[in-house]
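Next come two complexes built around chain A: one with chain B, the other with chain C.
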Partner chain A sequence: MLKYIVRRLLIMLPIILGIIFIVFSILEFTPGDPVSMILGQDATPELIKLKREELGLNKPFLTRYITYVLDIVRGDFGTMYASGNSVGEAIARRLPVTLELSILSILLAVIVGIPLGVLSAVKQYSIIDIFSILFAMILSAMPGFWLGLMLILIFSTKLGLFPSFGVGDGLISFILPCITLSATYTAVIVRMTRSCMLEVINQDYVRTARAKGATESHIIGKHALRNAMLPVLTTVGMYFGALMGGAVIAETVFSLPGLGTLLVSGITAKDTPTVLGCVTVIATSISLINLSVDVAYAYIDPRIKAQYASMGLVKVKVRKRK
Partner chain B sequence: MRMKGRTERAEGQFIEIWRRFKRNKAAVAGLVVFSFVVLMALSADLFFNYEEDVIRQNAMERFQPPSAEHLLGTDQYGRDMLARIVYGARMSLLISLSVTVMSTLPGLVVGFIAGYFGGKLDSILMRICDMFMAIPALLMAITIVAALGPSVTNLIIALSISGIPSTARFTRSMVLRLRGEEFVESARAVGTSDFRIMYRHIFPNIVSLTIVNATLSLGSMILASAGLSFIGLGVKPPAPEWGAMLSNARNYFTDHPSLLLIPGAAILITVLSVNLLGDGLRDALDPKTK
Partner chain C sequence: MSEILLEIKDLEVQYLTMDATIRAVNGLSLILNRGETLGVVGETGAGKTTLALSIMQLLPKKIGRIVGGCIEFAGQSLLNASAKAMRSVRGDEIAMIFQDPMTSLNPVMTIGDQIAEMIELHSTDKNKKEISVKVDELLEVVGIPATRKAEYPHQFSGGMRQRVVIAIALACNPTLLIADEPTTALDVTIQAQVLEMMEDLKTRLNTSMLLITHDLGVVAAMCDSVAVMYAGRIIEYGTVEQIFDSPRHPYTIGLLNAIPNLENKSHRLIPIEGLMPNPALLPIGCSFHPRCKKCMEICRRQNPINFDDAGHRVACHLYFSNTEDT
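Moving on to the complex of A and B:
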């Protein structure tokens, strides 16, 4: 298994380099000269030239890209143009907020979405089924930020139950942002779980289990759910990236001090190092999380493990039947 | 004679699809509501004057409740909410339709090249797609808008670019599946050119799924453009756009909830109708996937 993980990490490297390259090239088009932004309007030409050299802006594109990558490897994300603060420190301070928000939201989406999807499939065409389909439909058509603002209106302003901004109150301050961010993904998971369960329930082995006289809860829990979970897990992993993108908007609604708000403020201030750093870190976290999802598959599904075993990447313990 | 036979068959197919579509009540409702939104966007000029009703601020008429003169009331600058919603529909549809077309067409071309020719070119194109897809579409769009500066055109460019890789992958998978089919083999055997095979033999087989996919992505594009305008990276005020309207309402909505409810409901209803329409189309075109 370790071999497999290492191999996947090695494949990830060029992808991350590619991501940085894409973002780096896109940000090349940013209008305006960073030097005049740092020094202000009335800087002398000599000073501008010196500063350009100091920032390495006079070097060709590829050289700057390579220097940037090497700097990141050493943990140096550069400094912000306006304040001169370290970008790396700002990211390190804010990353936990974004990660906490995203992970809690995915958990919430899974905790709400999977049982609802299973119920809906088991009791197809019942009231519960119709309710959960409607619920998923409305959630997926709703803009996240609107839901967030509505939650603020109802639960903070009118009822005073939850704070409407910041992370000052610990976990409680994450409740509304998590609901906001998880809405779309809850909808996706409900639909996915429902259709996968429906497919699995009609399979022969489920009928066999039923014929053997297994209890309904055993059939659903042991036979159906386990097999239906794999595509659902794939979806969860796939959508994690989109979720971290959506976090930018959720953080803006609730003014959370996360990477998203840092990114938006970097964009507004035309602060290229901040934007570059944020996008790189978010994209890298996504790749890492996708990797962990892939590894998790192998544990859930023995078939995948066997596949890797045939490639000589993992050892499979063969359990002997007593 | 040959041409006639083909059109007759196409007509029969169309009627068959429409018959299946009609049975799905939710999809028909989606079609009706979406047509209404489109009609509203197209006829906006008949009912409202852009400069007078949508842009001009009127300090005397701030936060008016709904009345005969202002059916949905007025906003924080005394502008008619209904007029802004109607023109907002025009903006939202303009952006999302252009994005859908501009991400589908290049995606089709890339997907066709990768899927049909295969080999090295395919792996290179797909690795590039992988890299683009490793960055979430919304984040990608944010980065591009950040580089180009916020405006409607740049918003359309950004969302289109971020949508190309997924269309390309989708097209590639379909082309790859069809490439090995017998009718393609036989077309090649009689010496049909690559371009003609792609255009006459493969494309007609994937066009319906491509349209379904484009319809389904229309809804998410409306949501994405509203989201970007909300964080200030899209349509700039005073131009009316649903997301930007919600963003402007942020300071006032606790006292005037209608400023929040109306644009949000407009987005919700439009996206819901597009999604229902897309789901219905998918089921009608391909009964197997149901």
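Moving on to the complex of A and C:
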């Protein structure tokens, strides 16, 4: 297992380098020049030339890419073009907000989604089932920014129950953003849990459990749920990337000082170090989450665990032969 | 006379699917005495598993339905029993060995836990230690080293999984053991071992057994009496001697002819021509008539009733030469 984890961590490196490269290229080859944005329309050519040299933009593309990567490896995310502030510090300040938002949203989605999905499957075609299918449909049909705005309109502006922006009020200021962010996610979890449960309930081993004389709740809790959770877990992991993307929207709508808003401001200013810093951190966390989902998978399913163990071995043997 | 343990009368079971009502069991009656082993044989699709699931009341929910008849076990009607009463019967008094050992075990639970679960459910007075001792004991009985109880089903071969399934079924010393083709998934040598083991257990615990199988050889070796099933009915019933030495129903005769004869190698295997009728569209009259070489005019019109001769019962018009008058 440890070998497997190490191997996965090693594979992450080229993936993240690739992502940085792609984002770097996009920023390079899309129109818009950061220098003229900083200096304004009527800057003299000399001034522009000076600024370009100061920011290192006169060097060739590949040189800059390599320098940047080497800096990141040393833990240096560079400085923002406009303000000269450290990108690393800005990320360190804002990452906790995004993390809190994402983790709370996932928790909310799981706490609402899994029980609803299970109930829905156990009482297939009942009122509860119809309600939760409808609920999931509505949730997934609402675009994140629209839902966010509606929530602000109703619960902040009209009812004044929750703050409409910022994180000044602690946990309570996360409630609306979390609802916004977890909506699609909850819908996915409800539907996945329901269909996986329905499938598992008809499996032979569930019938075996019935034949033992177990109660319905014992059968669901002890036999069906754990087996149904395997594919649900995969989906949860897969959608985590989408959730991070959604975090950008939720942060923007609720003006939360998180990574998402930093990323958006970086993109508008064509501030390469800021964008790259955010993207690198987001990509790394998505990869890490996916890895932990896979590891969790192995702990739920003994068959997968055996597979991982043997995968580690095979790899080692191949390397030794070289 | 021996005491009746299980009595089924005129059982009718249907599966409701999207586009058809499948009549899997049609007016089936049988009696099983205490300590006796009854073999149920028949082609695939005859309704054998359906019969077993009906006794356990484990027919697939919403799809499978018992529409008529009654099932009495130890004097208690199972069809009217409450869900709670049924739970205490399942596993404890009637245990079932399922047809497919590869899918019958929970893949994410150790085999030891799956056996222990059965004991926990029915003997609440036992503590963890006693249960663990009992699990070891059961594993030894079915020939699996107790040291492997912390392993998961995927770490065992098909034959070993079948033994685990058997160990689960035996955990609470059931009065009735329903074994649905316990050996079909196994290769021949393992088959013999498993059967021997079941036979041994049966005699030690005086368990009654309903042994469902395709294999007439297994019936000859294990059973006291035989019920031949065709299209959801028992078309012939008798002791092993009666069925094997003087089969009466054309279908049974056909089945027995279909076994290759070891003593006379030139004797060709004679399969019964044709297929089982589609249980959604059962023919009128004797359900075997489209395949029967001795089919008579009356067979196409009237479903034969049982002809009883010293406990050897057969449902065929051949033995009622003048039934039409009665």
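Remarks
Keep this in mind: the second predicted complex is superposed on the first by the 286 of 322 C-alpha atoms of A that agree within 3 Å, B and C clash if a C-alpha of one lies under 4 Å from a C-alpha of the other, contacts with A are read in each partner's own complex, and residues count from 1 in each chain.
In the analysis below, a contact is a pair of C-beta atoms (placed from the backbone, for glycine too) under 8 Å apart; a residue touches a chain by one contact, two chains touch by 3 or more.
Here the structure is a predicted model, which is why all the values come from computation and not from measurement.
After superposition on chain A, the partners chain B and chain C are accommodated together without colliding. When the shared chain is aligned, chain C comes close enough to touch A:H223, but chain B does not. Judged by the touch definition given at the top, the superposed model places A:T234 against neither chain B nor chain C. Of the two partner chains, chain C is the only one that A:G213 touches; chain B does not reach it. Between chain B and chain C, more residues of chain A are touched by B. Figure note: vertex chain A, arms to chain B and chain C, all at CA centres after fitting on chain A; angle 80 degrees, rounded to a multiple of 10. Of the two partner chains placed by superposition, A:S86 touches none, neither chain B nor chain C.
In the superposed pair of complexes, A:Y205 makes contact with chain C only, with no contact to chain B. Chain B and chain C never share a C-alpha pair closer than 12 Å once the two structures are laid over each other.
Remark: chain A residues 15-16, 18-19, 21-23, 26-31, 137-138, 140-146, 149-150, 153, 157, 241-242, 244-246, 248-249, 252, 263-264, 266-268, 270, 275, 279, 282-283, 286-287 touch chain B in the complex.
Residues of chain A touching chain C in their complex: 202-205, 207-215, 218, 222-223, 226-227, 300-303, 306. Interface of chain C with chain A (complex): residues 56, 58, 60, 87-92, 95-96, 98, 100, 103-109, 117-118, 121-122, 152, 154-155, 165, 168.
Those residues of chain B that touch chain A in the shared complex are 127-128, 130-132, 134-139, 142-149, 219, 223, 226-227, 230-233, 243, 246, 249-250, 253-254, 257, 260, 263-264, 267-268, 271-272, 275-276.
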